[in-house]
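Listed after this line are the structures, all set down as structure tokens.
Two complexes come next, and they have one chain in common, chain A, joined by chain B in the first and chain C in the second.
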Partner chain A sequence: MSLWVNYLDQILLYASLALSLNLLLGYAGQVSVAHAAFGAIGGYAMAYTTLSHGWNFLLGTLLGMVLAFVIGTLVALPALKLTVEYLILLTLAVSSVIIGLLVAIPQFGGTYGLINLPSANLFGWHLRSPYDWLLPALLSMVIVYAICHRVGESPVGRVLKGIREDPVATEALGKNVFAYKVTVFGMTSALAAFSGAMLAAWLRLATPGVFGFAFSLTVFAIVIFGGMANLNGTILGAAIVVLLEPVLRRVVRIEAAKASLVQLIVYGVALAILMRVRPQGALPEGFSLWRRIRGERAPKARVEMAADWVPETVQHVGEHVDDQLPVSEVVRRDHVWHDAPVVLETRGVSKRFGGIVAAHELDIELRRGTITALVGPNGAGKTTVFNLLTGAIPPDSGTIKLNGDELVGLDPDRVARKGMVRSFQDVRLFNRLSCLQNVMMAVQGQPGENFATLAFRHGKVKGAEEETRDKAMGWLRFVGMGEFANVPAGALSYGQTKLISLARVLATEADVLLLDEPASGIDTKWVDTMLELIEQVRDRGRTVCVVEHNLHVVGRLADHTYFMELGQITAEGTIAELTNDRRLAEVYFGTT
Partner chain B sequence: MEQRDTAAVPAANYNGDNRAPLLVVDNLQAGYGRKQVVFDVDISLEPGEVLGILGHNGSGKSTTIRTIMGLGKPFGGRVRFDGRDVTGHSSRDNVRAGMAMIPSERFVFQDMSVTDNLLLGGANDPDQDRRAKRQELVMQLFPILSERAGQLAGTMSGGQQRMVSLGMALMASPKLLMLDEPSLGLAPAVVQQIFATVRHLADLDGLSVLLLEQNVGQALRIVDRCLVMRSGRVILDETREQMLARESYWDLF
Partner chain C sequence: MLALTFETFRQLTVNGFFRGCAYGLLGVGFALILGVTGRFHFAYGFTYTLAAYLAFTLTFRAFSWPFWPSAILGVLLAACAGAAIERGVYRPLAKNAGATALLAVFVASLGIGIAGENLIRLLWGSETQAYFGPTQTTIDWWGVTFINFDWWQAIAAIVITAALAAMLRYTALGRRIKATRVNPDLAKAIGIDADKTYVIVFFLGTICAGVASFFYAVKYTVDPAMGTLPITYAFVVAFLGGTARSPIRVFLMGIVVSLIEQYASIWLSVQYTQTAVFVVLVGYLTYLAIRSSAFMAKFNKAGRPTPVVPSTAAEV
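After this line comes the complex of A and B, so read on.
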């Protein structure tokens, strides 16, 4: 019996390490194979301080966590600018360096490691038998679970998932992607050190073998078996992985020597089969046993209607969104371009990529309550203009002023927070998040997106989350997609994704909206819906700039049009003026 | 607006000669995963014919051509191409048999040069002269591609990448070209040029075309015949003249 209790301890301790990896891998999408090595830092710190200095194991654990946090953050700084392949390689290298160093330092017992630790002393209670460990192991798993759950299922977790789905789009919505990545990497490293220290205290040894590469893979397997971004799944995964060996040995009665070999084969085959038939793991993201028991259906309904659906009648501003836009700034349509105040102004903005001139001496003005169109041949540099304005590409020279503030030198997230956001030609929704979450992500100034507020101000975060949800719901209804709140964005048809992308841009409540081909690929009926929405936004005093090839769209929307060729603005005026120009008709507009 | 019983509209008589149709789709049922989104679709396409398939987002147009192409297995029905039953054949076999398709998403090999992308598009065509001619045609159609021949396709603008993917399909010298929203994200003059080229190839080389388009006005300039799809079914099959005679197309969608 004591043997099975021992396995139970092991499940709990493995699970607690895997939980923190799931936060990093499943939620934030950062593939790190150095997780076990950060566990080793905790294990060795605890083992060394108790063995050589007689510290209490909890104190040693704390030291290990601090060390792991510092090292984890330092590793993250350069590593997280890398693409996935290189991140795996780099964390693999970091893992080897850490384990190598631990082996190389003579005080740490070389390849033998630190063994014969004194039994852990928990406030006077000596943990000797597996039974003694049951409660502390459970407790440590619960602590890690609580922290990971608090972070993962919160506004921060939403941002992390956004980073996993599409970091560029996340940054464009005003989130400091790099800071989030570094913080979550440091934090999960510290949690790994905590679990590693508990594991070492339970084993009463810390050796290179315990925290070696095989262990790293085991923890990975737990997360993948159980289900990415599902913490309950990770616990289930730990149980499956840990119990495989004793079940083979005792239930199927394979002899001990063979069991470990068979176990490896079973792992491999099971992993291969799982990837094929259930890539989302045993408990997929968003699955909750608790909800199942209470009889609530998972929010996947309505996907059926996603395929063939015509938008609801467009709501008119004032019906539901009165409180979201300042009424005082309504600009009447007879007010045109000439009288409107300039909101965004660029002077002499240039950019070269090697020999190619992407932008040359651009002078662009966007004016309040008007729509400016940017047209021109493919490759003229229209999307590049958006990239320059939002800081995605730094200009070589020139100034970009938004309400008088210089934007050059700011990162895209700062520009977004200053009040200028963009949509993308290729839409870039967060496919595995629901439509509602896609739009919620765009709401600015959420207190729950701050790690510290999240930790200490539960009430404030909860209240703000309700507010965010209501706002996002309002914008979903505004674009006629309220019915789709719980549908994953990946299940939508192309036209619907365009509407969600508009709702997402609007939910930022930014002053200046840059829309990249908002109407392309949507059928004729929807185009009118889209145009009506954009007009309503303009009428509320927002400043809009569109890149568009559809002349029907430009003709109806644009108060002022810039014509771009080879990175330069070669003409501007009303669309009628431009289409009457014979040369422009030849190079762009064609014969109509 | 006049309410027509669309099912009663007879299939248009295509005024071609009496050659066998190149493509016959008979009672096609298709979808993705387990979900059926295409029901009872019949298509007959003569050599040299341009058939427009219209319908709003999600009406099953793309699923129909993806299934013909072999990118998804049909749930039921038959597809005959060039005198052979190709139902359930892989896209690889279908490309060898002379089909080409351009999806509506951007599709190029990002880390390969424009020229390499185009050459890859023509890799299945053993006729070197024809390949060279096609390359010339593509370069003529999209002069920017010859200026940027050595540039990595992934570094070009969205619209230019669409040009590369159109070029790749033309390089294959297909018998059947399936275009999913070729006008997406392209300058109006370029769209006109593409449509004119497609018509030209149909008239001169006997290229058959399935053209999926939102832009009804543009599509009607070059098609011989139009299908309109709604909720996965063909609800209308008319000649270009019949379509043009309508005062409004809105009631069809």
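After this line comes the complex of A and C, so read on.
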């Protein structure tokens, strides 16, 4: 019996280490194979201070957590810019360096490690038997679970998932992706050190073998088995991985020496099969047994409908401007544009990529309550203009002023927070998040997106979250997608994603909206809906700039139009003026 | 501080060169696989181990075959296993996983690596076994010593690397591989069977691992965990050399890494030398990260982050 209790302790301690990895891997999408090495920092700090200085193990644990936080944060700094394979390699190298250093420091016992630790003393209670450990192990898992749950299922967690799905889009919505990544890396490293110290205290040793690369992989496997971004799954995963060996040995009755090998073979093969048949793991993201029992099923029917619903024929609305606006309307619009105050102004913005001039001396004005269109043939550099304006690409020269504030040199998230937000030509929704969450992500100034507020001001966060939800819901309804609030964005048709993308941009309540081909590639009837929505936005006093190919769309929307060729603005005026210019028409259509 | 005599330096350089040939070969194989197929093939270490065990078994356990034929057959069989992993596991998985293919393949290859190593333990036992080959002789060149296996390994490694480089450069197959490496979809569009190319690449890459493994085994021993360390060196060398670069460049990087390791042993105790290699790697990755943000490789026109890769242009 005591043996099974021991396994239970082991499950709890493994789970507590894997939970924090799930926050990093499952929620934030950062693939780290160094988690056990951070556990080693905690384990060694605890073991060394206990053995050599007679510290209480909790104090040593705390020291380990601080060290791991610092090291984890430092590791995250270069990790920010790296793609997945480089991140795997970097964490592999970091893991080797940490373990290598621990082995190389003679005070830490070399390859033998630190052994024969005194039994842990928890405020006078000596933890000796597996039974003694049951409660502390449970407690440490509950603490880690609570922290990971608090962070993961909160506005911060939403941002982390956004980073996992699409860091560029997350940054464009005003989130400081860099700070989030660094913080979550540091935080999960500290949590790993905590769990590692507990594990070492339970084992009463800290050796390089215990915390080696193989253990990192085990912890990694636990998260994958259980399901990424599902904390309950991680506990289940820990139970599966830990219990496999004793079950094989005692129930299937494989001899002891072979059981551990068969266990590893089984779980290695299971990993490979799992990736094929159920890559989301045992308990997928968002799965909750509790909700299942209460009968709240995932909105499956709705998803199917959304996926099946594809516009019958995707038509490109006439490329020719047959239905010209009445002249009086054109004059009126022109008038409005001339009187409106300038919100965004660029002067002499240029950008070169090697020998290619992507943008040359751009002077653009966006005016309040008007829609400005940027048209031009493919490759003219229209999207590059958006990249320059939002700081995604720093210009070589020139100034960009939003309400008089200089934007050049600011990162995309800062630009977004200053009040200029863009949408993307390729939409870039967060596919595994619901439509509502996609839009909620865009709401600015959420107190729950701050780690400190999240930790200490529960009431404030909760209230704000309600507010955010209402706001986001409002914007979803505004674009007519309220019904789809709980549908994952990945299940939508293309036209629907464009609407959600619009709602997401609107929910930022930014002053200036840059819309990259909001109506391209969608069905005719969607186009009308979309254009009406954009007009309504303008009428609410927002400043809008659209990049658009479709001159019908431009003709209807634009109060002022810039014509771009090869990175330069070669003409501006009303769309009527531009289309009457034979040369521009030729450049644009290729025919006369 | 140890006195560094010229003799020591000379010996370390020669040691570094011979060891480096193994690292280089491992790196060449891994870089070929990762660069062309984009699969983070962690089970590379398993196929490495498998090659030595198969060669060993053919001579000493199963058929008592002569030494060299079984060595060649062992390597080829392991290469088939590598190709089979691509065909049977990675390919269906990657097609299924779509955008998250890299992570899915990594996890699956992790699983295969773990399962494979333990399968070897189960079949052949966990203990280290001696691999008796031709007599080991020591060669002495003006006071620098090395053994005949070192010499053969260096020749084999250089020949294979050169052959691979020549194949990539001059043959139709090589052009196919390079086309697939640059753009698999476009390669498909012009009639190249990318799937088949991937399988071939896995076969070729695993041969590199197998040859390195065989020479390690005859020089030392075979044991089930022998693939653990080489795989990390393969990663390091492949990434430092550049996965989309010429095998020759990757091979030379292997020698550089090995030399760093050897020279580090002058000032550092043996335990630190491996760490030194990884410190260099962390430094390099940090440099890459900083460079990518300083220069503008961060976003291309569509606002999509450009993957950080040492070289954007394929060279060969």
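Odds and ends about this structure:
Here is the rule we go by: the second predicted complex is superposed on the first by the 556 of 592 C-alpha atoms of A that agree within 3 Å, B and C clash if a C-alpha of one lies under 4 Å from a C-alpha of the other, contacts with A are read in each partner's own complex, and residues count from 1 in each chain.
Here is the rule we go by: a residue touches a chain if its C-beta (ideal position, glycine included) is under 8 Å from a C-beta of that chain, and two chains touch if they have at least 3 such contacts.
The model shown is predicted, which means the values in this text are computed figures rather than measured ones.
When both complexes are overlaid on chain A, the residue A:T383 reaches chain B and chain C alike. Within the superposed three-chain model, A:D339 lies out of touch with both chain B and chain C [touch as defined at top].
Of the two partners, chain B and chain C, it is C that touches more residues of chain A. Within the superposed three-chain model, A:V84 lies in touch with chain C and out of touch with chain B [touch as defined at top]. In the superposed pair of complexes, A:L551 makes contact with chain B only, with no contact to chain C. Contact with chain B, but none with chain C, is seen for A:T524 once the two complexes are overlaid on the shared chain. Once chain A of one complex is fitted onto chain A of the other, the partner contacts of A:D470 are absent, as it touches neither chain B nor chain C.
Once the two complexes are laid over each other on the shared chain, residue contacts for A:D405 go to neither chain B nor chain C. In the overlay built on the shared chain, the residue A:Q425 is in contact with chain B and with chain C. Of the two partner chains placed around the shared chain by superposition, chain C is the only one that A:I393 touches, whereas chain B remains out of contact. The contact surfaces that chain B and chain C form on chain A in the two complexes overlap at residues 353, 383-384, 425-426. Chain B makes touch with chain A in their complex at residues 35, 37, 55-60, 104, 106, 144, 155-160, 162-163, 181, 184-193, 214-216, 230-232, 249-250, 253. Considering their complex, residues 31, 77-86, 88-90, 92-94, 96-97, 100-101, 103-104, 110, 167-168, 213, 217, 220-221, 224, 258, 261-262, 264-272, 274-276, 279, 353, 358, 383-384, 386-387, 392-394, 424-426 of chain A touch chain C.
Within the complex formed with chain A, the chain C residues making contact are 34, 40, 89, 92-93, 96-97, 100, 102-119, 121-122, 228, 232, 235-236, 239, 269, 271-272, 274-275, 278-279, 281-282, 285-286, 288-290, 292-293, 296, 298-299, 301-305, 307-309.
Residues 304, 306-310, 353, 376-384, 425-426, 493-496, 517, 520-526, 549, 551, 586-592 of chain A touch chain B in their complex.
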